[in-house]
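Each chain gets a letter, A, B, C and D, in the order it is written, and its residues are counted from 1.
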Amino acid sequence: MSGHYTADEMMTVAAARLLRNGAVCFVGIGLPSTAANLARLIHAPEAVLVYESGPIGAKPPVLPLSIGDGNLAETADTVVSTPEIFRYWLQGGRIDVGFLGAAQLDRFANINTTVVGPYQKPTVRLPGAGGAPEISSSAKEVLIIVKQSKRTFVERLDFITSVGFLNGGDARERARLPGKGPVAVITDLCVLRPNDVTRELEVRTIHPGVDRRNIEESTSWAIRFAEDCGETEPPATEELRVLRDLKMRTAVAHGDPGEAA
Amino acid sequence: MSGHYTADEMMTVAAARLLRNGAVCFVGIGLPSTAANLARLIHAPEAVLVYESGPIGAKPPVLPLSIGDGNLAETADTVVSTPEIFRYWLQGGRIDVGFLGAAQLDRFANINTTVVGPYQKPTVRLPGAGGAPEISSSAKEVLIIVKQSKRTFVERLDFITSVGFLNGGDARERARLPGKGPVAVITDLCVLRPNDVTRELEVRTIHPGVDRRNIEESTSWAIRFAEDCGETEPPATEELRVLRDLKMRTAVAHGDPGEAA
Amino acid sequence: MAEWTSLSEAVSALVRDGDTIAMEGFTHLIPFAAGQEIIRQRRKSLSLIRMTPDVIYDQMIGAGCARKLTFSWGGNPGVGSLHRFRDAVENGWPGPLELEERSHSDLANAYVAGAANLPFAVLRGYTGSDFMQVNDRIRNITCPFTGEVLAATPAVRTDVTVIHAQKADWKGNVQLWGILGVQKEAVLAAKRAIVTVEERVRTLDAPPNACILPSWVVTAVCEVPRGATPSYAHGYYDRDNAFYRTWDRIARVRDRFQDWIERHILQTRDFDEYLRVQRDPQIQAVYS
Amino acid sequence: MAEWTSLSEAVSALVRDGDTIAMEGFTHLIPFAAGQEIIRQRRKSLSLIRMTPDVIYDQMIGAGCARKLTFSWGGNPGVGSLHRFRDAVENGWPGPLELEERSHSDLANAYVAGAANLPFAVLRGYTGSDFMQVNDRIRNITCPFTGEVLAATPAVRTDVTVIHAQKADWKGNVQLWGILGVQKEAVLAAKRAIVTVEERVRTLDAPPNACILPSWVVTAVCEVPRGATPSYAHGYYDRDNAFYRTWDRIARVRDRFQDWIERHILQTRDFDEYLRVQRDPQIQAVYS
């Protein structure tokens, strides 16, 4: 145990713990990249980090700001072209874990990163798909890391960019998607996992200091809690030390402490 | 002019002359490779030789024995994978001239390198297609070099491996093949070109010392001679000198004079 | 064979109003100098293609060069939104922008199909997503052997592709390394190709199997040192992360954006002068 | 993660009777040592895949390992025929050999499809040829955008792929260079992969964008110096052209071939002993 830490730190640490050592992980930029690199520096030194820009086995000394930073290429086992990454490595079935962020998601862990509002006349134009549709379908399993709020945890997506469990139940299997889909969603409040039967997300562990009301008020649908719902293990001293070191090094390297998350 | 030379030398020199400087040439091993490299050493120093094993812009100091000799890779501008050669460079429409050999061909310059006799129970099992079917269809134009005899110039192919003009006339255009097909066939007796209308091969120039009877007796069909059929320019002293130098260097490098053709 | 020219001449001769144009570079080697020269020469009605529009297309869209955008991820990497892109899509400013939206995997495959002279690409993708409802150019295709249904998308072919690379030799053979993105495919899918390079060298001395574009697939090659800044050129200079953050402030407001374009691009003669303006602390004080 | 083992152990554990197996290498880096170990361990009923069967498959076919051959060019490069291949096809000796015949372009594309986990590949090919009459696995497919008709062929997927490479590091990361052929695709299209290498090194120190197969796509890696002879290993040794010519004489006659296999492969313990026999002038006098 560890004294003071932020909700973001709890989220990142909880996400990092779910990446097992040796896993080949297709890493999204931002929160997923932070969590994956934290895992690599703590318990998963043999995790293989793959970025869609082409590096395979990247071991960046500081967090990349963009998906194609030079330190990814310099530290990778090899750097292939972007078509090859998507064709041979992701679609080819070589990725154990896809690690994604999300702008919005629904109770079945489907993701929207495209638009808020109607597609042709959006209220907010989001960045779009990137690699996520094929990561979410082809990776053997998917982890999603996202800050929880009524804006992100929505009743109904305006656009399905990347699939989770579609309408739930065996819908994903019936659609013959290669991978088994999201196995966990990690937020700043809790860790959720899909129900074995309905595939609806259920809160499995609640972060220390958070109560059920907080979670319910940060979710647009009537969220369920698993029967055996417990408390998330708080960040260990070592986890916090390594995470803070990493962020500090990153801020120094990129010349802007404010943007280093 | 040049004193004594062999029919093979005449054939190689006549073929080499047809490769224009600057052309990007997809080169078959054996006779085509000899002719293409002779051209490169005489009048076509800027010809770009592409081999199906992956080298682009190969400038081998001696003739390669195999399609993937090390000197092709060492002297190339770049070496790409075999899939890339066929996908981006040949099918991609980047090849000006495909330079092919043949086991058998017919009057419309269709080629057989697959079987003599029925496919399922062949009298002679030939090596097969290699790159030829797609070279003959995708290269902007094709040159064929082959020794002429009733065994090679046949009335009817047992198997069409690589297309020339199919049944002649506009059959090739109707089949929507990307390239315009064989523009010349160079043998040890003569140079043939397709008739503008029927696309049947016609003898355009006869090598010195060869007469029409020789050619007729070396062809299984009633071969036509162009109205303006003339004599092939005999090898110049310089052409012979460079060819013989190349073959000598090749024989020394490969340790077997007998195989260096 | 590639001809060595100035960037101004290359854009003038090879980029035409209404062209379909790809300017690729995946975070690395983004051809910013060329993008700005296109703005400077006031090209219009371009159909822009790029996996990640990035700041290069935010500038071109805001400056009114674009009629259409084909893309797969339109954010400011590591910072947030592309405000000019959003303003065009959300408010039609400075003019309407038609979108053709795909996923990275799709667009990468579509470039491969273009390079390979195929009319379409096949991929495992989009199942369960809403893309097919908004893009009728994403269709299904059935495997003739297994009966499986896969996604098909049309190949990307361009009138002109522009990339930036580390170096080229005197003949115009181009070499790039590090993060390669989709540049080779984008060049091979083009009718005409412009390559800007950090430096012109006597010989490439490239390692075996390096990524080389032979001179004869390139139309014009231009020596433009730092031509990829604010992105980076592996082995030459780092990414200017501060500029990407500053861009967020510049592009957020139309007036400020227009002032920036005017002062940095339209009133400068070339990229060298742009770099001098960009380094002038007095001028830059306004934007930070 | 790849495990370092002896070649004998790798073949024993990973190659099974009846397997579909690709052993690639385009003239360069042909995994001869592995092919001979498969003969030595008397594997049967293999479905062999290789663009150019070359002498490696001539040996395996003649030794009775094969049930089927998928290929695109079956000659002895620079010499002439593969006599054991021809004898199997023309006379069914030592047993019937089913052929699945394609063009190079097709088979290269089919490996790409296998590596990319697609059930089929699309190419411009075969138009006007007789292939479709003898191979019902070459079919047509129609572009859903343009209506063009193209060729489709089934992907290659293998139980096991075997390649030879220049080097691997202690973790089993593999590097090859020079003529790359279709090896990367063949490994990625496989359930299991065996890689023999010229040498085991501490670190690869590879140039950017070198052709690397990460350890975790390889099952077993084996140090077998000269393991590609009589083909060659770029940077290590040249092609043994004389052996390719000698092979023509050995393979032309069944008895002589069987005697050679017996003496060189079945009666030797491993590839090192094969190399000693191969270098023994007294033994070799018989075959020249």
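Keep in mind that, in the parts below, a contact is a pair of C-beta atoms (placed from the backbone, for glycine too) under 8 Å apart; a residue touches a chain by one contact, two chains touch by 3 or more.
Note that the coordinates shown come from a computational prediction; the quantities given were computed from them, not determined experimentally.
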| item | value |
| --- | --- |
| Neighbouring chains shared between chain B and chain C, ordered by label | D |
| Which of A-D and B-D has more C-beta pairs touching across its chains | B-D |
| Chain C and chain D: spacing of chain centres that average the CA atoms, whole Å | 41 |
| Computed distance of Cα centres, chain D from chain B, in Å | 28 |
| Centre-of-Cα separation between chain B and chain A, whole angstrom | 57 |
| Multi-chain contact sites of chain B, meaning residues that touch two or more partners | 73, 79-80, 87, 91, 138, 178 |
| Per-residue overlap in chain D, given as positions that touch at least 2 other chains | 112, 117-118, 123-124, 148, 178, 180, 184-185, 208-211, 234 |
| Contact pairs between chains, per stated definition | A-C, A-D, B-C, B-D, C-D |
| Chain D - residues contacting chain A, complex | 1, 112, 115-118, 173, 184-185, 188, 206, 208-212, 214, 216-217 |
| Residues of chain B that touch chain D when the two form their complex | 29-30, 52-55, 65-70, 72-73, 79-83, 85-87, 90-91, 110, 114, 119-120, 122-125, 127-134, 137-138, 159-163, 166, 172, 175-178, 254-256, 259 |
| Touching residues on chain D, where the partner in the complex is chain B | 26-28, 51-52, 71-75, 77-79, 81-82, 85-86, 89-90, 101-105, 108-109, 111-112, 123-131, 133-134, 148, 178-182, 184-185, 211, 232, 234, 238-239, 241-242, 244-245 |
| Chain C contact footprint on chain D (complex, rising order) | 117-120, 122-124, 137, 139-141, 143-146, 148, 150, 152, 154, 177-178, 180, 207-211, 234 |
| Residues of chain A defined as touching chain D within the complex | 22, 24, 48, 56-57, 73, 77-80, 87-88, 91-94, 138, 178 |
